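Sending over a structure as structure tokens; questions will come in a sec.
By letter and in written order, the chains are A, B and C; residue numbering begins at 1 in each of them.
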């Protein structure tokens, strides 16, 4: 055998897969380089983008949790989840504009401080849309998914797609939510703060922010705070309560869980409901941030959140969270610094690259072949 | 029944040297050595979790070994893709039967014969003469294998619908269709009643002689192992603890200890000593 | 002497021709107006895409949502070729496409032979090599193609205009499909090693990326005539009933011939049990790629045909929501049943595009997509394995030989006599 150093080197390159790794590394470096250049050119703009991405990422995280929980427990990609999110946005819209539900504390207790009343009212509206979404999810689960539990997995998936179509086009009917864009009325006023080296100033309406400052609004604050609170709540439910324990056991092995006396059907319904409630909250938060709602609004955020869940390792709750934050940043940063029309393409390319490096996502457990 | 006895002069068909496999921090197989000569009918036994199936998976390429060498017919095969190892002449069955469940019995066997199909994909798409002839040959060959295993009447049945014993036999038939020199059987008698295992023992002898095979089998039913194997390797905690003929193994204290615990081993030693006196 | 055509083959070809002849007569006599004519052609096109997907998912078990992306590639590639011929009076599109696909196709085949002997080459590295080679060869084809295209144009102009158009059309459709196949090879190489759901998501990502690229085809890709998100117009309407039937029959026959051979059984074994298939000497990576590339080729073919039905292409046609249509069709028809797929494709086109459009009462047009998912749900609940299940018409079935008793078992040397 010829073992000249060149042959050895080539053998090593092949064995270690360096060609492919170099290729991936080059692409990644190129993207990072773009971002670094942007950071140096205008650090405050960059920080601004990161904050925008964070805001988006937290909304995605709430939706992604529903995907990841449902997948973890029944191995179903619940394509209708994005439409539950849309439903949540519409429920909150009707609660606010039609029924003025966010003002009930002021009606009931006129002496209540304005701010506190608004907060309580907004929380009520959010609770209503969460409950409505949870109910919707339970109904869908009972009608469409439960009868198919022993059928091939693909039948359930096609059913999920069917449900998604149905929810979208039913919502688009004139007497339901109508096929038009609807302007969303926020329950709270937007307050924007300009944060600069000289301290924080509150921006008035229509005023240009001072140079070199970062804008931060109460909307971002609300989104981040609510998401974090809900996520801690979910973590608590999953880790500390009996229901959570049952959910984990059903996710691990449905048959055995049933033998241990767990009502798996009830647990699966609960999982759908919790996921949907989070999506309902996300729907309201998304509508507050981007105040325009329409019957298709669930598709793209739903899809991106789903990608986020996969990115993080589907089935894993912290994975969904991290994945969503990455997706949020990827979307905002690539729109700002690489190419606006391509921002979704870049987000999906990131997904593909991550899957190539870690085939089951960042936090996913590797699938082990058993013979 | 005697086989063409292996002598020191012939080369080993399969030679495993210092083979190890780690799963994370767990060492499933630890520096095992194994030699099989052409015509051997050997057994690999050991308590649950001893690393027997892992050893099989290493030899057939399902797992990549952490260290060690595996040579088959003098060629190094560690780290080669499983399908290439199969094409070199090692076929196997699985502990929990792995048929192609929704295909017919005949198709199951045909798939294993694929690497000897003898026609190209272009032939298949054009349906030319070569395809017609070779495909007919292939199907007949597959039927031959089925009839050896008394499955010829079942050829158009869906594999998943066969009764358990027939599924086991079909799996062996399928492995043989790949035309191996070395056949690895992973617990072939699992779940069989005494009658069925008896028939299986005869079957194993039969195919060894009929196809001039070398067979290595993992088995838990001692009756089968002792009845069929000429040499036995015992594993425990990923290591080979004993090697020899069935009678030697039966009386080996380390083996008894591995299976039944230390107390039993001492007891059996005492028994043996008292017998000798 | 055995007849070349068995009875079932004659039946199949005969009835296919008969159906075509009847439909063609009905269309020519204008009993079927252009609306129904379009629906039938759409049904045929959907049948071709769905057979491709059934090959990938139904037979090979790889859950792919990328079929629509390859459909889009085939559509736009073929449309560009005929557009350049029709509007620019130049064969440059055809020549460049043909050269690029042939050059990189042969290079891929040649490299594949060489690289398969290299032990331990990971898919990603192989992908990098193939990608580099394909890009270099495509650039070469571009240069070479623009050089010789005037000659080819003049040559084609010597023919009658209609004949030249047909030549350009068919080669556009075929080479467009080859482009789709080659891209699917490059993409599938690293991706096919992923687990089934992850593969599905990666392919979904692929079709979304393709859709976004098409949205920006005039600015980012530099094909002015595709007009990005405004939609491509002016594609000659060349897809006749005849071509749809020819391609459909070809696709069905190729699929059947492949599947009912040892290679097809190898493809199916991957779906059944990857580990067992590997242990039986099946190179599963090879057969995954085979099914994926062939399935994408069919998707590209269908795309090319689709582009020339309405003469209009819009990126929204290739939206990811629509990408579920072939998946719905194959599950509807029965996974792993070619006859079911063809049936379901035509049924889908008739119901969704025809019946629901025409027969919903006035004022209820928007209910079309409300009724459709309800129909879908009912079918899924009643027949979770699809309408046909795994039934096949005789022509498409695996022919099993007669049961034979060989001399071997008649003897007493088989030990299984003892076994009841």
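Things worth noting here:
Here, a contact is a pair of C-beta atoms (placed from the backbone, for glycine too) under 8 Å apart; a residue touches a chain by one contact, two chains touch by 3 or more.
Being a predicted model, the structure only gives us computed values, none of them experimental.
Distances from each chain's CA mean to the overall CA mean are smallest for chain C. Chain centres here are means of the Cα atoms, and by that rule the chain farthest away from chain B is A. Chain B and chain C have centres, each the mean of its CA atoms, that are 42 Å apart.
Between the CA-based centres of chain A and chain C the separation comes to 34 Å, rounded to the whole angstrom.
The centroid of the Cα atoms in chain A and the matching centroid in chain B are 50 Å apart. In chain C, the residues that touch at least two other chains are 119-120, 275, 279. In chain A, the residues touching two or more other chains are 369, 371.
Annotation for chain B: residues touching 2 or more other chains are 60, 62, 94, 98. Residue ranges of chain A in contact with chain C, taken from their complex: 14-15, 17-24, 75, 77, 144, 147-148, 151-152, 154-155, 158-159, 161-166, 168-170, 172-174, 179, 299, 303, 306-307, 310, 314, 339, 341-342, 344-345, 348-349, 351-352, 355-356, 359-361, 367, 369-371. Contact residues on chain B toward chain C in their complex (touch as defined above): 60-62, 79-84, 86-87, 91-92, 94, 98-104, 106-107, 110-115, 117, 119, 121, 124-127, 131, 135-136, 138-140, 143-144, 147-150, 152-153, 155-156, 165, 169, 174-175, 178, 195-196, 198-199, 202-203, 205-206, 210.
Here chain C touches chain A in the complex through residues 57, 63, 118-129, 131, 190-191, 193-195, 197-198, 200-202, 205-206, 208-209, 212-213, 215-216, 219-220, 275, 279, 320-321, 324, 327-328, 331, 335, 366-370, 372-374, 376-377, 380-381, 384-385, going by the rule given at the top.
For chain C in complex with chain B, the residues that touch the partner chain are 119-120, 254, 257-258, 261-266, 268-269, 272-273, 275-284, 290, 390, 398, 400-401, 403-406, 408-409, 413-416, 418-419.
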